[in-house]
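What follows is one structure encoded as structure tokens, with my remarks underneath.
By written order: A, B, C and D. Residues from 1 in each chain.
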């Protein structure tokens, strides 16, 4: 499950990059609708947000972007609550309606905890979108129950405290959190810090149903942008990392200890 | 009555300048012994003080300076109290004793009001020196009486408020103050701001018995020092201003309305 | 047991990443126990420290020259005399002490003008806690003395280079740190903004301002204030000065926002040349709370502007938004030029150099009651103006900004060269 | 009727040009009537203004970190919280108000660190009097923020280029102005120096410091202080902190002078690399009073030196000279390095950035009681240290001087670049 900021660094290239992800075997694609105050993102995604906004991205353009995409993979929109709230005439509902219209299947809102999500939950139910919540290493007990009651589609398992960003090594928190989630019957996608096929393998091995990779992919775009590489060349690199990640995930699934059936 | 800072800009030249004053007709010469904090002096004399101190002037050198002078005019030492107080083993008395020894005939101490002058008064009496007090435009009533009781030699009439320094025009205060002093039978020398023969004439006309000129003379030294003129050339200019002042004073005396004798 | 306010009408709430929610629940609990219910004598200790270390009570002083200039009785609540030079210490000391009670080991904070960062650094030094401050690069350049002060107090100062490098970016960056370190770290937010319980809690730490005003006007004048005037960035000095009087309908409350260079906005550039969120902003969600915001029609937050760093913020406290909707608080705005003139006026006429933030509150008196005032407001007397801080931090900025303008009362700066 | 002190043993007196004597007599009379005998309610008005405008009383705060570092109970008298940032306002406000009662129309003052000039400019603005301040060129460069502040308060700042351009020269120059304008002008002298009645009068305006200490230790601790420690330049904060206790023999009084870089002097150059007139000076006459001075063997005044402008003076108040001779006050000295370390220690450990002057008082605790202390003093407890001012004015200077040295506790300055 790769993440890209829609429109980074420009509308046309970004379309190709998303399509490259699909070609690389992504099962779900998270598409970021950039918000000016991305408080949950690390520097890599912040820069992507800046590039996309400078390229003229708006919510409406985002929907056009999605509509223009030629991919056969479920799309999830990741954005901040204020953009959802401001869109259209009916706060929240207009946004979800339009998202459904262009074929988005789910939303993740990093600054919307379950407590404040009733309006969005309702709208998602109305238009048949999944509302994906994030579970953090600090989430436990009652909170965890409350979130898991509300979640649909999958749960986004935050691998570590902090903000998004590619890391050299995996977090120890991942296994703990996954263990805590075992009892809940919802697919678990792990994100925050995953950057290589090997990471993906170990995360899936530890029990995840998928991995979410954002910053590592965006770094490829950022580099290409800086060195003025052709869109095709960048897209190829993206596709290849997507492939590596996918392979890692499959490999991790195979490494997983078989459930003991006696 | 001219004033120079002894040792300005150096010991030898200064000797010549003082002798030039005598040659120019000075009746009394006030010789400044420079103090590092000359709170009653304006910029011209402050600079003279700096030059003299940088040239190595000390109280002992000052006395040597006086001893080395070849003039036939009464000499008055003008200095600040701390130097008088610190000299020798016996505060105040040592200084006056030594001053008498080298032939000084009086002292003026700008930061010593009559109230604090008992010790110095005693020492001056002992060694036969005049103790000259300053009378300011603000001095009146009881204060004036107290001062005039203690003064000897002459009284230094401060022509204006403020600090020493050559001025373009004369102060209106002068006549007032002279009028206030008329009843006291002590010679009155007026200083602060007098720079030309014409000034001298009007001050004497107004009732003064003498004029004290410092900054105007020192400016000649300062200029000569800056342009590296020969000591002889500077001395000549000094002598000539002294002559002009003297002539002015005499002229002023003649202009004075004759006391009406009926 | 008293319970925390989490919403103010539709405003407020807790719009933060899930990772922070447990910490926010923990904080809410600590706020209720220690602050609202004085558990373990917390509030007694706070009061004692804010008196002894902070210098409370601060005076309520009659402004003689302003009173005669305007023909109304003007009183000054002298928060500029609080340790550190602004009201900010009330909150910073309260929160650092609370963090200590909660067993936290590290303090982080954002700062705009540097006053909150300074106050936090001082409080952290006083209570022996390590401390890091995030500050926009632009603000670092506008308020260097405060950067020095934080460093001298042993705090780390982390420059924030994102965006325009002002308060908004610093808050976002501090939230990112907090999301990483939340288990051991307390985030001392600097105004009545952010997710609940911050807006209520910060207000409560500052409420001492209006409690003192109430007892001081009672003792000196035998009455309540007729009007209370305070500048509003996030609105902490504002809420502190208003809190006691919210239930007193006879006390008029004026929140003075930064009108910047103009109230019109440049949607294209995403920049508002002002910071008047209460007067011109629209409801939205920023930094954890629903409140009035400066945003474009898509919901992107606009960069604000003010000559004073401390007012230069695109949001405002949710309770103020609510009080404005309820017409309990009157929002007004004063632009850069008028604020600078007021800065000089107070310095010259009253011998008090105010913070540029504070100067806005005085600019409001001048633009309504001054010789060229528009007479738009009938002030109930006595008028109490909250002098939220002193201007030492602003000397360079004020001089530079003054030189760039033709102000009537600018002093001659010649000797400064 | 109470009568003014004009001499303290052999010290004090009135060694000024005759032109000033009438003004000094007039002032003496006004001092006796208004200050000593509260004529026309002068002292009541002063008390009210120093409370409302100045922020009195200032707190007496326990220094928790220092108390545990030194194993003695240390309390801080927080004069740094006074309006303007130093004790100086007590005197400045008192004298400007007195000038007003005397019908004077103009205020002049000298300043060293700029704190007295700032305080005077603030008081003059507050009381609507024109004001000019003389300041040595070197001090102008060392204390720029205070120059800005004076100008902002509407005062003229006149640079003094004579000599080394520090406090001594500024005083001389202000006396010259006064000699010219004495009829309409009051000279607000900035410390307990100068001709009578200044030393007694300035002390009396500052005595509120020790009056408050007395009632604060009584209320908090039920006792008198065991020791009072204050830095001494001219000695005004010193005399203010000591005044109430002069008759209490159980209260030990320590005056901490600036030891500068060394206590040895360079007679040839006429420079003392310190300002320790009480410890090393000899009796003489300077600026209107007989007192202990730094002078060469001929009686020429030596230039003093201290890292802190406010202590950088060759003389000291005559009453302090007398109290030292009487062994009522113990003079001690602390050098530049120790003062800077103390500056950083107080900033980091207590969250209070002191003036460099004030830092000397804390340096004395460290050099006696600190880990490397010489143990030379047995402090009676509680020890009250007078925090005479805050360090905002010193930020640049402190950083520069710190960088020039190897101090153990210097903060990392990197972010300042």
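Criterion: a contact is a pair of C-beta atoms (placed from the backbone, for glycine too) under 8 Å apart; a residue touches a chain by one contact, two chains touch by 3 or more.
Keep in mind that what you see is a predicted model, and the values were worked out from it rather than measured.
K.L.:
From chain A, what is the lowest number of touch steps before chain D is reached?
P.N.:
Minimum number of steps from chain A to chain D: 2.
K.L.:
Taking CA centroids for every chain, report which one is farthest away from chain D.
P.N.:
Looking at centroid distances, A is the chain farthest away.
K.L.:
Round to the nearest whole Å and give the separation of the Cα centres of chain B and chain C.
P.N.:
Distance between chain centres, rounded to whole Å: 65 Å.
K.L.:
With chain centres defined as C-alpha means, what is the inter-centre distance between chain A and chain C in Å?
P.N.:
Computed value for the inter-centroid distance: 37 Å.
K.L.:
Quick one: report the Å distance separating chain A from chain B, using the average Cα coordinate of each chain.
P.N.:
Chain A and chain B have C-alpha centres separated by 95 Å.
K.L.:
If I count partner chains per residue in chain D, which residues reach a count of at least 2?
P.N.:
none
K.L.:
What are the residues of chain B that contact at least two other chains?
P.N.:
None at all.
K.L.:
Every pair of chains that touch: which are they?
P.N.:
All touching pairs, sorted by chain label, are A-C, B-D, C-D.
K.L.:
Under the stated contact criterion, what part of chain B meets chain D in this complex?
P.N.:
Interface residues on the chain B side: 35-42, 46, 53, 58-60, 80-83, 85-87, 110-116, 133-140, 143, 147, 158, 161-163.
K.L.:
Touching chain A in the complex: which residues of chain C?
P.N.:
Checking each residue of chain C against chain A gives 13-23, 25, 162-163, 168, 172, 175-176, 179-183, 270, 284-288, 293, 295, 297-301.
K.L.:
For a test of understanding, state which residues of chain D touch chain C in their complex under the given definition.
P.N.:
Chain D residues touching chain C: 51-55, 58-62, 64-65, 78, 80-83, 85, 121-128, 140, 144-145, 147-149, 151-154, 157, 159, 344, 347-353, 391-392, 395-396, 398-399, 411-413, 415-416.
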